[in-house]
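Two complexes come next, and they have one chain in common, chain A, joined by chain B in the first and chain C in the second.
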Partner chain A sequence: MIEQWAPIVIFGAMSALLIGLSLVVVTARSVFRGAIALAAALGVAAGLFALLGADFVAAGQLLIYVGGIMIIMLFVIMLSQRPLAKLDRQANDQWLWAALFSLAVTCGLIVQFRAVYRGVFFNPEAAPTSASIGRLLLGDMIVPFEAVSLVLLAALVGAVYFGLGKEES
Partner chain B sequence: MTLSLHHFLMLSAILFGIGIYGVLSRRNVLGILMSIELMFNAANINLIAFNHFLYPGTVWGQGFVIFVITLAAAEAVVGLSLVLAIYRNIKSVYAEKLNILHG
Partner chain C sequence: MFELGPILSKAFATLSGWVIAHGVPAMGAWIINKSIQVGALVLGVSLVPMVLVYAERKVSAFMQARLGPMNVGPYGIFQTLADGVKLIFKEDVIPIGSDRILHVLAPMVACAPAFVCFAPVPFGKGLVPINLDIGVIFIFAVSGITTIGVLMAGWGSGNKFSMLGGIRGAAQIVSYEIPRVLSVVPVLMFYGTQSLQGIAMAQTGRWHGFLPKWFIFYPVIGQIAFLIFLIASVAETNRVPFDIPEAESELVAGFHTEFSGLKFALFFLAEYAYVFLSSAMAAALFFGGGDGFSAGGIIPSWLWFLGKTFAIVFLFLWFRWTFPRLRVDRLMQFCWQFLLPWSLANIAFAGLAVLLRS
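And now, the complex of A and B:
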């Protein structure tokens, strides 16, 4: 009995937390608070990945997103805020239309998903996936793997180029 | 009642909608970048859920998620250094101030 209800309860709690934190991300007046909420939301999403049996991806999400990207983002926020920026309005004049549009997109997606994917059920058995992901990345996915390393090199060079100040360049 | 694929897909649709709202309504460029990360995350949940429910035993969806995370990292790094460069030039991070090309 408890094995049957545990995934549902965990999923419900995680989705409520995830939606609440995402709403904080898009509505918080302080960008810094939004970034902290985004870090928490990405951590909750890692929990969802683990619930779906993707243990390696959950660990990678925590390491790369929460540990890497969010730290850079917090640094940039602290480097680019004027004093008193917290008092500025953070939503622009088209927020009502934006809300209606995103509501329409969400409702359309939900209706489609409910209609098509209702009866596919959850399989709670999970097995470690690291070994098969390694084989996949260096086997069938070797071409995108190499392409992504080129993209990362280009991003590195671009970031250094844009990051140089006027006086150095 | 058991968990079904459409629960996860509905959650990711809601996340995606919140991300769209953030991209369209935020004034701050950093806020727009963070909303884009939310939308990436909704797509990742979709990929993992499809992998888990429809193709158990394979890891193609998870491999794609790893690529998405990597590209999101590259995008965030370039975007954030662009934000810093913009801030150095016009002393603002608000999107409506970026109108130098407006004529």
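And now, the complex of A and C:
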């Protein structure tokens, strides 16, 4: 019995935390607090991946989003914002329509996901996934995988180009 | 002889059998067992920094021809305990200009991941808390959260020194994380697993009957990987010669300037826990974990593991009292123009070696 409801309770708690943190991200007046809440929300999302048995994706989520992208984002906020300037409103007069639109999109996604992922449930037994992900990336998916790395390379070269141009002028 | 792994697993099996016989479901028995294990691990990880602080003070004293702490207990061994009591009773100051929530949360966010990171560390044969298949990546991923605590401390204190320390810390840790992760990739390529226990177990055996099959003894590849891992680990733990986030002659104390009492102690706990974690990782990845020189000898594997770990911890302490601090731009230059290309080249060497071997 305890085996059955324990994952549901954990999933419910984590989802509630995720939704709460996401609300903080869009409503917090201090940009830095919002970014911290976003980092926490991404960490909770990693927990949801772990609950599904996708251990490599969970670790990658933490490593890349929380440990990489969010830190760069916080770094930019620290360099560009005045400390404790928390008087900016985070919404304009259109917030009601935006909220309604988001709600509609959420409902549509829920309906679609319920149709597609019917019967998919927590499966911690799927856990050691890194070997199969590696085989997939260097086997069937090798062309998209390499194409994505080329796109990243182009983005890097572009960033270097713009960075250099600014310095010269 | 004296192996802790089999004894502990037998003890936990007995405990869960006894609990189940008294009407607790199997899941409940599992939770009780895991709670005891987690409690023991957290207690052990919180005690290690106390030992390391004492070791640091003694090592620094001997390197400078002093005696170090001598008054509290024989040879001053209770000095850290006295310091801890002092820190507990200090006033908890929260500056007026600070962001209260971030200021209070920052030490916790910096300290909590340090405990989680010890979950996949193999302390000996059969002494791994959880044998995670993604062990190495898990440690890198979870330890990255500490940087967010450093940034929260830098921003939340409302102080320019804290802010500068936080910015420097973020830039340094994000930069050195890359060569640190890449330096481990050759190890993963050679042993074909990310589980720390699997890597440590794969390094048992001897070449020509005497040289242990540890990764450090693979010609060229092993030594380059270990050197890059060691240098990047020293930078990741913000220790001299890479301590510019808290450089006391430039920034008062960097990101933890405004912290006092136990909150300050938590930052130190995190730093020393990470020193121990990096050493334990190096012992498992490059020095064969619990593998001893004499196979089946009288010294148990957990003692071998702790011995190797503390030997590498001594390297960390030695560096701190030997090298001067690097300048900020030199630090970045060293990471991006020296460590990163060599770690990439090392991955290429390792790929070539694996290709030739198969």
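In this text, the second predicted complex is superposed on the first by the 140 of 169 C-alpha atoms of A that agree within 3 Å, B and C clash if a C-alpha of one lies under 4 Å from a C-alpha of the other, contacts with A are read in each partner's own complex, and residues count from 1 in each chain.
Keep in mind that, in the parts below, contacts are C-beta pairs under 8 Å (C-beta built on N, C-alpha and C of every residue); 3 or more make two chains touch, one makes a residue touch a chain.
Just so it is clear, the structure is predicted and the values come from calculations on it, not from any experiment.
Looking at the shared chain after the overlay, A:26 reaches chain B, while chain C stays out of its contact range. Taking chain A as the reference chain, the count of touched residues is higher for B when chain B and chain C are set side by side. Within the superposed three-chain model, A:72 lies in touch with chain B and with chain C [touch as defined at top].
In the superposition on chain A, A:56 contacts both chain B and chain C. In the superposition on chain A, A:36 makes contact with chain C only, not with chain B.
In the superposition on the C-alpha atoms of chain A, the part of chain A touched by chain B in one complex and by chain C in the other spans residues 56, 60, 68, 72, 77, 79.
If you check the complex, the residues on chain A that touch chain C are 1-3, 6, 30, 32-33, 36, 39, 43, 46, 55-56, 59-60, 62-63, 66-68, 70-72, 74-75, 77-79, 83-84, 127-128, 130. Per the touch definition, chain B reaches chain A in the complex via residues 1-11, 13-22, 24-28, 30-31, 33-35, 37-38, 41, 44-45, 48-49, 51-54, 56, 58-60, 62-63, 65-67, 69-78, 80-85, 87-88, 91, 93-96. Looking at the complex, you find that chain C touches chain A at residues 25, 27-28, 97, 99, 101-102, 132-134, 137-138, 140-145, 147-148, 151-152, 154-155, 158, 163, 166-167, 170-171, 173-174, 177, 194. For chain A in complex with chain B, the residues that touch the partner chain are 4, 7-8, 11, 15, 18-19, 22-23, 25-26, 31, 34-35, 38, 41-42, 45, 48-49, 52-54, 56-57, 60-61, 64-65, 68-69, 72-73, 76-77, 79-82, 88-92, 94-95, 97-99, 101-103, 105-106, 109-110, 113-114, 116-123, 129, 132-133, 136-137, 141, 144, 148, 151-152, 154-156, 158-160, 162-163, 165-166.
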